[in-house]
Structure formats: structure tokens, C-alpha cells
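Please read through the structure below; I'll follow up with questions.
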Amino acid sequence: MLLKKNIPLKYIFGKIKYEIALVAIYTLVIVILHDRFNLKHMAIPLSVPMIMGTVLSLLLAFRSNQAYDRWWEARTIWGAIVNDSRSFSRQVLSFIDDAAYDSEEINHFRERMVRRQIAWCYALGQSLRGLDGKDGLDRLISKREVAHAAKYANVPMALLELHARDLKYALKQGWLNEFQQVTLDQTLSRLCDAMGKCERIKNTVFPATYSLYIHFAMNFFILLLPFALIEYFGLIEVPLVVAIAAAFLLIEKMAIHLQDPFDNKPTDTPMTTISRNIERDLKQMLNDHHLPETVANTDHQFYVM
Amino acid sequence: MLLKKNIPLKYIFGKIKYEIALVAIYTLVIVILHDRFNLKHMAIPLSVPMIMGTVLSLLLAFRSNQAYDRWWEARTIWGAIVNDSRSFSRQVLSFIDDAAYDSEEINHFRERMVRRQIAWCYALGQSLRGLDGKDGLDRLISKREVAHAAKYANVPMALLELHARDLKYALKQGWLNEFQQVTLDQTLSRLCDAMGKCERIKNTVFPATYSLYIHFAMNFFILLLPFALIEYFGLIEVPLVVAIAAAFLLIEKMAIHLQDPFDNKPTDTPMTTISRNIERDLKQMLNDHHLPETVANTDHQFYVM
Amino acid sequence: MLLKKNIPLKYIFGKIKYEIALVAIYTLVIVILHDRFNLKHMAIPLSVPMIMGTVLSLLLAFRSNQAYDRWWEARTIWGAIVNDSRSFSRQVLSFIDDAAYDSEEINHFRERMVRRQIAWCYALGQSLRGLDGKDGLDRLISKREVAHAAKYANVPMALLELHARDLKYALKQGWLNEFQQVTLDQTLSRLCDAMGKCERIKNTVFPATYSLYIHFAMNFFILLLPFALIEYFGLIEVPLVVAIAAAFLLIEKMAIHLQDPFDNKPTDTPMTTISRNIERDLKQMLNDHHLPETVANTDHQFYVM
Amino acid sequence: MLLKKNIPLKYIFGKIKYEIALVAIYTLVIVILHDRFNLKHMAIPLSVPMIMGTVLSLLLAFRSNQAYDRWWEARTIWGAIVNDSRSFSRQVLSFIDDAAYDSEEINHFRERMVRRQIAWCYALGQSLRGLDGKDGLDRLISKREVAHAAKYANVPMALLELHARDLKYALKQGWLNEFQQVTLDQTLSRLCDAMGKCERIKNTVFPATYSLYIHFAMNFFILLLPFALIEYFGLIEVPLVVAIAAAFLLIEKMAIHLQDPFDNKPTDTPMTTISRNIERDLKQMLNDHHLPETVANTDHQFYVM
Amino acid sequence: MLLKKNIPLKYIFGKIKYEIALVAIYTLVIVILHDRFNLKHMAIPLSVPMIMGTVLSLLLAFRSNQAYDRWWEARTIWGAIVNDSRSFSRQVLSFIDDAAYDSEEINHFRERMVRRQIAWCYALGQSLRGLDGKDGLDRLISKREVAHAAKYANVPMALLELHARDLKYALKQGWLNEFQQVTLDQTLSRLCDAMGKCERIKNTVFPATYSLYIHFAMNFFILLLPFALIEYFGLIEVPLVVAIAAAFLLIEKMAIHLQDPFDNKPTDTPMTTISRNIERDLKQMLNDHHLPETVANTDHQFYVM
């Protein structure tokens, strides 16, 4: 699903170019002031930024860990959506007895369930990105169902409810036995769980005071840095300070990018790509080998995470 | 659910203003003593606070991790409450056969179950905040049920018991089959688990000896700091010590705030907001698009975590 | 459940008072030797304890983590016992049909099950503390059942077996249907799991070679410390060394206390308090609002963890 | 399964030989420049690489952890595939009643199911390695089934679907009861989950910006190193810098190798070996003690991870 | 289960005595060379081993963590085996209706199942230790069953299959209902999972390149150490270097010992002791209070982990 292309250097350093420019100018000013006016007492011992550097490193490691965990949990949830979508379709196709009843009606019923499951995946992806969950669903489900979903604040939940109604109908018609209905409903509960977990990650921001505080501590550390190195070098201090500052700035940026995996950024969870793969797999179960073109693809295929 | 507004700097530093003032005065006194009386032997080598700084950083990282885990677990449990409330309602609506029996009675029964589930969420949130769990439930459940719940120390548990009684009644009436009753009961068990997990986090304080010890070690470290820097600077030492001290003090404060996610603080789990969203979703399943106004909102919407 | 009272400083430092006295005397001797005989070559560079300090800090962080995890797992298991006890009682009360049969007999049967579940919690708590699991059970279960349990090495397991026998009886009488028996048995399996997990934590000591080794490394580090600081200070070295040593000694002590959560120490899991809460909740389900007095309370309410 | 042979030193250092050569030449050039032209001002204080070394160490520890977790998760998933394959076969053999019906037909049916399960393991392993999943399956399943699988993009999913169809057939024939069909289907769902989890690990690259950034920071650190050591040594600096650089380079390489556990490298998950063990165990259940020779073995048995 | 006796110091340092002797001689040689020939330029700055010490500490912490996790997972799996063995026996005894049928036959059947479960635990423990899984089983199961198991490469799996066959027989006889058979089969699946997880830990070596690399880096660090300290001390350098080296060497040894929890070492998982406890508990359920003597005990009771 994800592409392993090389990321241009420009892209990476583009994220911190303003910060780097500021640090460079700031260091330059201090170096010049120091050389011109011979302000020896401006220097501070290197141990001071070293103490702060240790704390800061641990905080950034903590932050990176939590951000990575959020990103990986988001990816794992979408992996579970793939699995449960496949299991749901397999169960719909293999539980419902197609011999004893009107085969035409049952075939149509099964196809409707499977196609609605595909629609559910797209709808969830779009809702999480803050777009209209109903967009483009009409090629997969009937107009009546789209209209029904429109009445709900939460479109994917409306589709799950339609699933549940159809299962009740199938039980009543005798197409499913009682165990099978309950088993299929448990698959629906798992899908409902996955949906809720995505919403939880989407709606819970990383503790803002933490990120703000780490941000301050890092900036303070960078402000101190030129004073600690001023004794040793002349103008060569500028690239040194810039390099160390860039290291810290980049780690923070990476964490910020990973921590919101549904925010429509290049490092996003590739929900549209995953949904398309689900569509391909589920349609093949229905003997339908037609796939829509990738026009509506909103994933950024250029950059990967 | 959570707002990503900016947190004013004043708010963050307001939490540690007294500590910072103390540190500033303390450092000032030492600097003046040193300058006045020329007490060279007061200085200690920087390596001493550096050793302590490393231990302290690891302890604070450990503390931050555990506090974050408690906060995130609390959030995950409430995410599971959202999921199980939705699943419970979906099951109540789709399991109970509404065609073969008196439709009016069944409709009323199903609505009662769903509304009681909404009430359960509000009641749990209020109990965890140490408020009266029965407050405001009368707009969702009948007076007789509120009176029944009042006899219990644990209001949400009383509501789960009423759920279970209704399921027994529905099984006896033949509205549910045996598998469906057991499946719904398993959903109740999951809700019961979520409730117990919240109580566990609420009632288990972070090991007090640990937090006390970290607090002491940090204060001792801050007390040493001015002596270690005294050789190098004059009055400029004061802001330097204050800055390093503020870094450590803030991390501790953040951990203390995160570690009690049900303590009615701004960094709290937004239980009322989550309950309102559950109310909206569940009522839409009942075709009820009326929502109470946000008068009773006890979440602090100004600050986010 | 747990009280958040302040822990007196005396309590904390009381744990390491002998170690601290030893360190003080030892440092004093070295300082005096150094001053008297002017042994310059006794000094070692500060970098040596710094290298060891980093390794030691990481090892202590590792140790603290594992100890905390054991303590938190113990607490989580007892949280699960609360949840499963409630679910078990709810299921017993709501699964058994009380209308179609002799109500008196069924009422008595249900009450026996619920009271035995309460007894199970107390029995497990006492077994884990190494006390007699049968103590005080006669106020909750019949003499015949106590006598039966006495034949087993593992009292809580005997009670689970009696639960299972009663379920078999209820199935035979037709009070439970086949599906409900299996569901109740799954709740018993969860209780059986919780019991086994507690035994696992109780019986598996933290790898003894690890703790021994960390202990040695720490003592060696403390022995080196005075030599590293000897160049800089005179008598003021004593409180400095004591303070750094106290920091490391306390972290180790805390870890030792947390790592055995069933060892009858103040930092113990509050099993009696939890069991009493279970008794209150389960008896309220039976409309019994009588609670035994807290005479038998073996939890230490003064100190909290 | 895995061999614990010694890995030749040559193999390990072979991975970083070009990098090491470059570092050696680079350091040599700097030493010569410094000695020839007496450029004192080229030296930088050792504290600068020490600050970077701490950050870098934490980043590499973070990276190693995530890579190890991916590798261990992959191994755990294949462990679950072993377990579920055994459980599936045990259920197929013990659920289906072989006395009441035409024994010949049932025996054939059961054997077909078990052999297809073996085929599924091989097919999954080959798909994950990017090879044709259908290769070599004809010795385990019929030509008709191979042809059916060929129509799917995902061969293992096609085999699971055939499993599900056979279960439907067995339910209809009365060979399985309703409860047993659902239980077997749950085992299929677990296999489907395992398949999806493998695909998730395979398809989700480690956040590329992170690895790129760590790579840059490390190279920058290595470039600085000779300047920091230049004051102290002459030519002996070259092996020192090479040794420190080799340490960092090797950790990065190890992480890169572990993080993609399905990439046909020596440190790969040994999927073919595991599949062969599954074949041996499952065939013994069928009283078939014949095993294919290890011609098709694509695991590298020389190196182990 | 595990004994908390003191471990003799001799045992701990016995593990690294050769390494320590080598380090001592090596340091001595360098000190003498330095003193004799006055080779000032041999010294290197302490910062160099400090940078390596930080990386090394993090790597060893990483290694210790993974080793501890493997050890603790092994212990947790055997805890689950205890739980599931008890649940299995409880289910066998309470599910099978003993009144309606020939009580003698059913009693014998139930006893056979429970005794086979005990045999399964011993067989698994011996297989994991690389011994013959069938040893000593004849006192628990019939000769015919031992002979059957002998045909399998995996003895415990053969016993699980015999369990499953007996369940099929009991279902056919009407001793179990359909739900009970499936529930018992799920317990078998859990036992099958536990067996597979043990095999996974046993068969998956810790990534060999990692351990090899950490080993090299550590040795290189120890080789550098005497040069870094040579300026400061004379002969007193030898015990200092030995002490620091011993610290690092011991951590590595501990990790190596913990990481293979089924390798017949003193720090092993105490599988025989656990199996004997299972035997005691399960036999008490059968009213059999006879236990075999501890002749066959292959656990080392002297040392504990």
C-alpha cells in the first residue's frame, strides 16, 4: 500500500527552514557582539546546556514514543478494519443458505450487504478527514440508503445500523439461523469498536501543556547554546549551533506530524488506499472484477510514512 | 470533542509562580552572600548536579510515562463506553422482533432501554467526579427507576441491573431468543468492566512514596544548583537557575495533572461532552433529534489536554 | 478505596536510616584521613562515578518500571475481580427464571451463589497474604461448604468448584438454559484466571540475580563517591555524599516495596477494602443493606500507595 | 526452528565496510591537514559531540525498540498461525461426526480441509515475500481449487473462502451442527486476522522521515567526531573514530534489518520452516507421515536472527 | 512455588570470573608499560569512553528489557496453563451429567480426562526442555494412549487430540450438550495456544546480530577504559577498571540467562514444580489426595529467579 520512494532532502528541511534561519541570525548577532565588544562574561559553561540537553532528550524520546504509538495504533485499527470487512463478507456469503430459497433475492441481498461494507470503509475514512461521509457512496449503495444516512450526524454508524436491520430481516426469513445472526452481530460490534477507536485518536489531542512545555524548554536550550560555545569558535559557531538546533527541531516536527494520523497530511494513515484494497478484495468475492479508477484518490502518494 | 485552542502562557506559568519566585529569591541571596563575603569555598563542581540531573531526568521520564498511561487508559475506557453504548443500542433495536407482537409495547420497551443507557453514561461521569450520580437523570428515565437507583451506593450499577431485569423480561415474553439475551448480557458485562476500570483509576493513587521522593530529590537538586553555577556568573545566575528549575518543576506539575484523569480539573477526561455525543447518537437511532441544551456542561471547554 | 493522606517524612527516611548513617560515617573517615595525612593520590576523577551513575540510573529505571508494572498488574487483576463478581451476580439474578418455579427455593439458591462469591473474594485475599483462606467465611457460607473447602489446599478453587456444581444443578432443574450455563461458566473461568494471575505474581520473585547485582553496583558507586568529591570540599562533603546516596538508596527501596504487592506491607494491594466494597455492592443486589463492621480489616489505612 | 549457529564476524562487518572505509579516509585527511598546517582552531570541544551523542543514543534506542517490536510481532503472528492451524484441524477432525454417515466421503472431506489449511500457510508465506502465492500448491490442493484461487489478487483469502464454503456444505449435510459451524468460522476469522496483520507489517514502512532524520544526525555526528578528538591524538585517532562510528553505524543497520520481517533477508521470519512444521503436525493428525523434501526451502538456514 | 533463598556471592561472580581475570591482567600490563616506558601519549580523554558508555548503557537497558519480557511472558504462559487446566477440569466435572447415565462409566471417563490433562502439563514441560515428552506419563494415562502419542513428533499435541476425540464421544453419548462441547473445545484451543507460545519463545533466538554487536561494543569499551584512566592512578587503576568492567559484564550475563526461559538453567521457568501443583489441585477435584514423591523433580530448587 505504501510507497517506499525517497523523500527529497528539500522536503525535510523545508519544514524547519524559518526556524533555522532565525537560529542562524541570532547566533551571528551574538558572535559579532562578542567579538566587537569583547564581552568575555557572556560565556556560560557547557555543562549548563548539557544538563538541559539530557532532560530535553528524554522528553523528546517520550514525546516521539507517544506520537509513534498513536500513529501505529491508527494503522493497526485500519488493519483490523481490513480483517473484519473480509470476515464480515465471508460470513455473509457462507452463512446464508442459498439453495433452499429464492436464489435471486438472496444473491441481491448478499451483494447489498457486501457493497454496503465497502461503502462503510470509504465513509469512515472521509468522516475522519472531516469531509462529508456521504460523498461518492451512491455508486455503492442505493439512493434510499444514502438518504437514510444523511439523517445521522455519524454516517458510518448509520450504515452499521442498516447492516443490523438487514440481519434481523434475514433471521426472520430463515436465511440465517440464530447463532449466525449473533456471530455476524459480533463482527458488527468489532467494526463499531474500530470506528470508535479512530474517533478517539482523532478527537483526543496530545496533552497540549506537555507539547507546549517541551517546545519552550527546547527554545530556551537553543537560546543558551551560542553562549556556551562562544569561547571556542569564531564564525564557525554559526553552522555548529544551527546543526544542533536542527537536530532538536526536526525531532519535534516529526513527533507533531506522527501524532495526528487522521489530519489530511502526507504522513497520514492511507485510508483511501486501504479502502480501495478492501473494495477490490470484497468485490472479487462477489465475482465482480471491476474497480473504479483512482480519480477520487485523496492520499498523497508522493510522500510516505 | 476536545478543542485545540491555544493555552495562554500565563496559565502554564501560573501553576509554578510561587515556586519560581522562591527559587529566584533563594538564588539571589546566595549570589549576594558570595559576592559580599567572597566565600570561594561555597562553590561545588558542576558534575555533582549533573549526576543528580541524570537520575532525576530518568525518574521524571518514568513518572511522565505512568501519568500519561493513566490518562490515556482513562480516555480509552471512555472510548470503549462510546462503542459499547452504540453496540448495545444497535442490538436492542435489531434483536427484538417488532412485527409479531404488540408494536406499541415493544417500541416503548426499546426506547426505555436506550434512554437508560444514555442515563448510565451521565451517571457514571458524575459518580467519578464525586457528584451525585442521580442528578438530572429524571429527564431520561422514569421516577420509579431513579428511586430504585437511589437505594444503591453505586448508581450506574443499579442501572445495569435494571437493564438485566428488562432483558430477562424480554426473554420471557419471547421478544429475544436465548442467544440474543446472552449476547446482550455480554455487552452489559463489557459496560460493567468499563465502569470498574474507571473506578480503579479513580481510587488508586500513584504510589505516594514515589511522588514524594521525586519531589524531594528535585528540590534538593534545585537547592544545589546555585552553588554549582556561582563561580561563573554574577547576577545573571538568577535567570539561569530559574530557567532550569522551571523546566523540572513544570514536568512534575504536568505529570501530577495527567495522573488523576477524573479529578474535575481542566485536563480532565471530557466525560460530559462524551456523554452528550452518546446521547446524540443514540437518540438519532430512535429518530429523536432533540438534544438538551448545554446548560449542565461541567467540562471546562477553555483548556484542552 | 485508597486514602490520600500525607506520608510523614519520618516514615520515608526511616526506611534507609541505617544505610544513611553508615554512609555518613564512612565519608567522614575518608575526609579525615585525607586532611590529616594529606593523601592527594586518593582522589579519583569525577568522570568515573559519572559513567557508573548513567548505567546505574538506567538499571534503576528498568527496575522501577518492572516493579511498578507488577504492582499495577496486581491492582488491575483485583479491579477485574470486582467487575467479574458484579457480572456474576447480575447474571445469577437475571438469568434464573423466578416465576415459573418454587420461588422460595430459587431465592435461597440465588442468595447462596451471591454470598459464596463474596466469600470467594475474602478467601482469595487471605490466601494471597499467606493466612488461612477459611477464616471468617462461616458468616457468608454454610458450615458444610466450609468443611468441604477445608479438604482443598486451595480454598478459593474449592469455592469455584461449588459454584460450578450449583450451576450443573440449576441446569438440571431447568432454572437455567444451556446457553446461560455456559455463559456463567465463562465468568467462572475469568475468576479462575484472576486467581491464577494473583498466584503467579505472588509466587514469582523478581529475578534475584538482577536485584542482587543492582544492589552491588549501587553500593560500589556509593563507596567511590567520597573519593571523587574529596578534592573539592572539606567537611561539607559529608551531607553532599549522603544526599546523593540517599537518592539512589530510596529508589531501590521503593522498587522493592512495590514489586511484591501481596506481601502484607503498607504498600500492599488493599484486598480487604476491595472485598468489603464487593460485599456492599453484591448485598445491595440482594436487597441486603447490612454490612459487617470493619473489625477484621487487615489493610493498613494509614499509609497509601 | 531457528538455528543458533555462530555468525561469522565477516558477515557483520561486511554490512558496513564501505561506510567504515569512508570514515577512515575522512579522519586521516583531517589528521594530516591538522598536522601539516598546524590548524589549532579546527578543534572543537568534546562536549559538543557528547550532547549530540546523548540525543542520538536515545533516538537509536527508540528506533531499535520499534524495529524489534515489528520483528517480534511478526514472529508472534506466525506463532498464532501455528496455533490456529492446529486448532482448526483438531476441530475439523473432532467436530465432524464420522459414524452416522458415509465414512469414505467424510474422510475425504476432512482430509481436503486439513490439506488446504497447510496450503494456506505456504501461500501466505509466499505472498508476503512477493512471490506467486499459488506456487507449489498443487501437491496439496486440487487443480480446480488452484484455478479458483488464481482469479483472486489475494490467494490466501481465496483459500479461506473455500474453507468457508466447505463449512456451509458440511452444515447442510448435517455433518456439523450449527454451533460447530460458527465455532469453526471464528477460527477462520482468527486466521484472517493473522493474514491481515502480516500484510499490515509488510505494507507499512517505518516512518521514512524518522529514519532519514536519524541517518542525517548520525552522519553529522560522525563528521564532527575527528575535530573533537584532534587535540589529543595523532594517527591513533583514526582507529578510535572508526570504532565509535562503527558502533553507531551497526546499531542503525541492525534496526533496518529487523524492521522489515518479511523482506526475504537472512533475518527474515522463517515462514517456510514454520509452514513445514505445520505440514508435519497436521499430516500426523491425518495419519500421513510423509513429508516433502526440503527442496523448495527458501529460508536462509545459514544465518539466524 | 519459587524459593526466595539467598544466592551466594560466589555463584554470581563465578559466572564472570574468567572475564574478570583477563581484564585485570590486561589492565596491569598497560599500567606497567605506561610506568616503565613513560608513554604519556597512550592516554585518551575520559570523554571518549563516556560517549560509548552512554550508548552502551542504552543498548544494555534495551537488551535487559527484551530478555525480561521473554522471561516474564514464559512465566505468564505457564500461569495461563495453570488457569486453563483448572478450568478444563472444572468444566469436565460440572458439565457432564452424572445422574442420568451409567455412573461408573462416566466417572471413569471424567477421571481419564483430568489425569490426561495433568499428563499434558508434564509432557509439555519435558518437550520444551528437549527431553522425551512421554517419560513418566504411564503413571497418569493408559499404555494405549502413550503408544498413540509416541507416533507424533509433538507429544502434547497428541494428548490434546485425544482430549478432542473424547469430547466427540461424550457428545455422541449425550453426556455433553452441543454448547458444552464447543465451550470445552475453546478451552482446548487456549491450551493449544499456550503450547504454541512456549514453542515460539523456545525456538526464536534473540536476534543474534544484536547480541553479538552489543558484546563487541562492550569489549571494545573495556579495552579502552585503562587508557582513559591511566593518567590519574597507578596500580589502583586495576581494581577500578575491573569493577566497572564487572558491572557491564554482569548485566550482559543476566540478560543472556533470562532470555532463554526453557533452557534447563537455574533461572529456568519452574515447569516441573508448576506441573506438580497442577497435579495436586486437579487430583483434589477427583477426591484423590495422593501425590507422587518429588523424585523426578528436574527443577533446581537451590537458585531462584
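Which chain is which? They are A, B, C, D and E, in the order written, and residues in each are numbered from 1.
Note that a residue touches a chain if its C-beta (ideal position, glycine included) is under 8 Å from a C-beta of that chain, and two chains touch if they have at least 3 such contacts.
Everything numeric in this text was worked out from a predicted model, so none of it was measured.
Listing every chain that touches chain A and chain E alike gives D. Any chain that touches chain B and also touches chain D is listed here: A. Remark: chain A and chain B have CA centroids separated by 24 Å (rounded to whole angstrom).
Chain C and chain D have CA centres that are 39 Å apart. For chain C, the set of residues that touch two or more other chains comprises 47, 50, 54, 58, 61, 179.
All the chains close into one ring, and from chain A toward chain D their sequence is A, D, E, C, B. Of all residues in chain B, only 41, 44-45, 47-48, 50-52, 54-55, 58-59, 61-62, 66, 151-154, 157, 160-161, 164-165, 167-168, 172, 178-179, 181-182, 185-186, 188-189, 192-193, 195-197, 199-200, 203-205, 207-210, 212-213, 217, 220 touch chain C in the complex they form.
Chain E makes touch with chain C in their complex at residues 1-2, 4, 7, 12, 46-47, 49-50, 53-54, 57-58, 60-61, 64-65, 68, 71, 75-76, 79-80, 82-83, 86-87, 90-91, 93-95, 97, 99, 177-180, 183, 187, 229, 232-234, 236, 240, 243-244, 247-248, 250-251, 254, 257-258, 267, 280-281, 284-285, 289, 303-305.
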